[in-house]
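The following pair of complexes shares a single chain, chain A, combined with chain B in the former and chain C in the latter.
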Partner chain A sequence: MTAITEKQNTARNKPRTPWLNTVAGETAIQAGVFVVLLLAWEIATRSGVISPFMLPAPEDVVRRMADDLASGVALADLGRTLWRAVLGFVISAVIGIPLGILMGRFALIKWFFDPLISVGFPMPKIAFLPIFILWFDVFDTSKIIMVVISAIFPIVLAANAGTEQCDKWPVWSARSLGASKAETLWEIIFPLALPQIMTGLQIALPVALITTIVTEMMMGGPGLGGAMMTAGRFADTQGVFAGIVEITIMGLVLMKGFEALRRRLLRWQPQVRE
Partner chain B sequence: MNTILRYSPLLLLLLAWEAITRFGLVSRQVLPDLATIGGAWLQLIAGGELAWHLAMSMARAFGGLALAILIGVPAGLIMAVSKPFRLALNPLVQMIYPIPKSALVPLMMIWLGLGSSSKVVLIFIGCLLPVIVSAYNGAKSVNPFLLWSAASLGASRRESLVEVLLPAAMPSVLTGIRTALGFAFILMVTSEFVIAKDGIGYLIAFLGDGGVYPSMFAAIFTVAAIGFFVDRAYSMLSGRLLRWTVT
Partner chain C sequence: MRDASRSAISIENVQHSYVLRGGKEIIALQNISLDIQAEEFHALLGPSGCGKSTLLYLIGGFIPLQEGSIRTRSGEVTGPGLERGIVFQNFALFPWMTVKQNILYGLRKANFPRKEAEDRAREFIQLVHLTGFEDAFPSQLSGGMQQRAAIARTLAVDPEILLMDEPFGALDAQTRRIMQEELRAIQQRTKKTVVFVTHDVQEAVLLADRITIMSPRPGRISHLIEVGLERQSVEDMLAQPEFTAKSEHIWRLVKDMAESAMRGPA
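For the complex of A and B:
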């Protein structure tokens, strides 16, 4: 008898958190909202409330993507876009990281590039695209240069900030232990600035991707952006949606991949290890 | 004097440009000299074209941005205080966030045609996400003591939202709006390049297609300069608005 009352009491005194308030519960609700949205979309299009011309059913979009993938069209476009975006991104990194570091170490380089960066960064650089088309024609070169011009700014800024803000003690210790200037730069300053550099690269990656898509949309030709523009001009809504989904997935995969790379490269850092 | 010294590298570049065109190192067709560009710029202004197209573009950019702020800031704040609201909206935010907004240009073309509405909606969608996320993060990081004090002093939910949460989230919100401002300009130029009948992006593409390169250079540098000065003006304004904050 007493045992039962006690049990009841503890049950009453320690209210369990309702299942819906747990992390799993919240995730379930949000997934539910997502499914309801998809269902509403599917029903609205199937029942004819919204014409498939304005909004194709999710199922049709998926089928279209599968068809494009099977025929190889999507892969060819994807490859082209990926090539331009990644090459542009790599060139920005190869130029931007050393430039940012050198700006942090040499006053003259800082003096020359600082105003260019601070004026160029907030400008809508995409406006310069017609100039690059004029100079380098409408093929890969002008697109990749446009990507570099857009993506390099966050990289330079991050590399510069990382170099200037890095802890002075390790640098002084290395110098007093007889490290040369080049050795200090490569073995002390670069690793210390690496977390910030990686952050800059993480900002630059989507910029490179978006700029690639925009240049492709403007100039047409092979590539996801060009394919989407063609689909748009022919009022092929399915093609447009397939393009949006493909671009989004590609961006997510690239970004997640880069995050993994960041964790791998910065394993030695306490923040990452936690 | 200090500013002149600071920006002297830009002057050096202009001098180099002038020298290249003077000595005919590259064709004038490909790189017009500065005087010609300046003349073309004056002509564009005198003809009224530049002002008209710029006015169209600015109306679109700031219209879309204003809508995004009007809807995004309250949405972000309410998401931070109301759980049902957050659970309902978060999936949408998560869904739209990774889509590159420029990729929506062809879709907007099909849905809303070639006019202003397709651009305003595109800019609105592009600006909305950074505004919502910054308002939400700003409100989430507010010291709960402030909210408890307000509540114990008798503030209603609405009052504490407007008078405590909003000012406390302000630094984060203003940073988000700055990001959105950059997006607005990029999306405006992009969408006008691709599909438009007017606007500065259209004017640039039109001049380029017609081979009127000095005017094209003039229009490009105008919109780039406006993008730069708007950003500068904004950061001065937000500095003023945040005078009361520590640091």
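For the complex of A and C:
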């Protein structure tokens, strides 16, 4: 009994396995899960249970990725997809954050946009694609606009909710210290709503990525989505899987980078500092 | 009649009402006229619902005046002004800024040159005994320290009038006592006019030169009392028979109202 209590105490007082509590440690564990999955995949294909035509071996996929990378094909497609997703995401944030904040502060703006959001949020935006192709082009513009109208909703809603939950006391304090009403929007309300805004952005980022890939798959042309569709048409499963892995890595890197940004921006929050 | 030139805030015939959802109108303040003198420590005392905070927010210019007028030496109150600083019960610090950044915020707004603002921030951090905590975020500080930081932020821009909305209400008893003592010292040193909202009779008697007792439903001024006690250390004041007598007297005035307020609207 005593022994157990003591053990618990030392466990609590000493940082148990300190490397585990670091970002690197967490990442290592998460990576471990994938190593196990990859091993299962490798065994399944090598043992001949699944034909390599249906499911290529991980090793082959990696070799294919290396070849594509060396020839420059992968980087061109990856770059194009990344550019569309990130630009669409940034435009969504630049429009969505101020809009959500203004909706939270001005009833008139809220009345105007609320019905649009109620209708637009649950709507499958991809249904607009044929029209966007007609209106804009089959290249970047229609795809980026598609990304914006998909990713903007979670951002607007989060910024709006964050703004409406702001206490009036910090705003009043700033006003009595000489800030104008307009200044408080950017200087006080925005940072107060930032935790929720960051959550909204974290939801919007994968949405932007998914929308980019889907539009690319539907319209073809340069970009990972288009490349995968082409590979599929030629029954090139290695090419499809190479694309899947590349997208997954890109998404993971983007999300991890964003998480780091969130920690940096919100380090004043006790739960972030811990 | 008081000497008008000594008046820091003059409140005339202020009325204020809220409209609830459903259209029912609640009169929060009725016929409030009050002169608060320069360098006076004035307490607004009353049970919850008597409109004392509403009156303070009106003086602060945070909610629009419906009827009557409020004047300071800087003129008619139409909105928040630099001559009226405020400290709230829940501190209202900017949580994403450190203590120093919080204090610098107002100084930047007041266009202090960088170097001077830094010096001034340091000076006021020292005044409220927070030296060593300049770079701490509010969430890393205790309630008492947060309120000190909020007081420093307000005092740093040197407002003529200090509005305080139950500033020590969220603090534990010991911290509150220390803060009361420090606030008195600061007020005596800086000669600010203080309007202090509280529902704590002892606190009002301990700190204030004059006490306005307000009654609820509708919020009205029921008594205006000169405290007239000799300013001593808090311990000595509490031990004075005059202090106890004064507190008892005021408590009796407030008690009936508090009881009727608890029974609900007549």
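Rule of thumb we're sticking to: the second predicted complex is superposed on the first by the 226 of 274 C-alpha atoms of A that agree within 3 Å, B and C clash if a C-alpha of one lies under 4 Å from a C-alpha of the other, contacts with A are read in each partner's own complex, and residues count from 1 in each chain.
Methods note: a contact is a pair of C-beta atoms (placed from the backbone, for glycine too) under 8 Å apart; a residue touches a chain by one contact, two chains touch by 3 or more.
Nothing here was measured: the structure is a model prediction, and the numbers come from that model.
Q: Please determine whether it is chain B or chain C that touches the greater number of chain A residues.
A: B
Q: Contact-wise, after the overlay, does A:251 reach chain B, chain C, both or neither (first, second, both, neither)?
A: In the superposition, A:251 contacts chain B only.
Q: Output check: A:61 vs chain B and chain C. Expected answer is one of first, second, both, neither. What do you get?
A: Neither chain B nor chain C is touched by A:61.
Q: So in the superposed three-chain picture, is A:156 touching just chain B, just chain C, both, or none of them (first/second/both/neither)?
A: After superposition on chain A, A:156 lies in contact with neither partner.
Q: Output check: A:269 vs chain B and chain C. Expected answer is one of first, second, both, neither. What do you get?
A: After superposition on chain A, A:269 lies in contact with chain C alone.
Q: After superposition on the shared chain, which partner residues are touched by A:146: those of chain B (first), chain C (second), both, or neither?
A: neither
Q: Tell me which partner A:177 touches in the superposition: chain B (first), chain C (second), both or neither.
A: Once the two structures are laid over each other on A, A:177 reaches chain C alone.
Q: Once bound in the complex, which stretches of chain A touch chain B?
A: Its residues touching chain B are 26, 29-31, 33-34, 37, 53-54, 111-116, 119, 122-131, 133-135, 206, 209-210, 213-214, 217-218, 225, 228-229, 231-233, 235, 237, 240-241, 243-244, 247-248, 251-252, 255.
Q: State the interface residues of chain C toward chain A in the complex, per the touch definition above.
A: These residues of chain C touch chain A: 57, 60-62, 79-82, 84-86, 88, 90-97, 105-106, 109-110, 137-140, 150, 153-154, 157, 159.
Q: Along chain A, where are the residues that touch chain C in the complex?
A: 167-170, 172-179, 188, 191-192, 194, 266-270
Q: Can you list the residues on chain B that touch chain A in the complex?
A: By the definition above, chain B touches chain A via 6-10, 12-13, 30, 87-88, 90-92, 94-95, 98-107, 109-111, 182, 185-186, 188-190, 193-194, 201, 204-205, 208, 213, 216-217, 220, 223-225, 227-228, 231-232.
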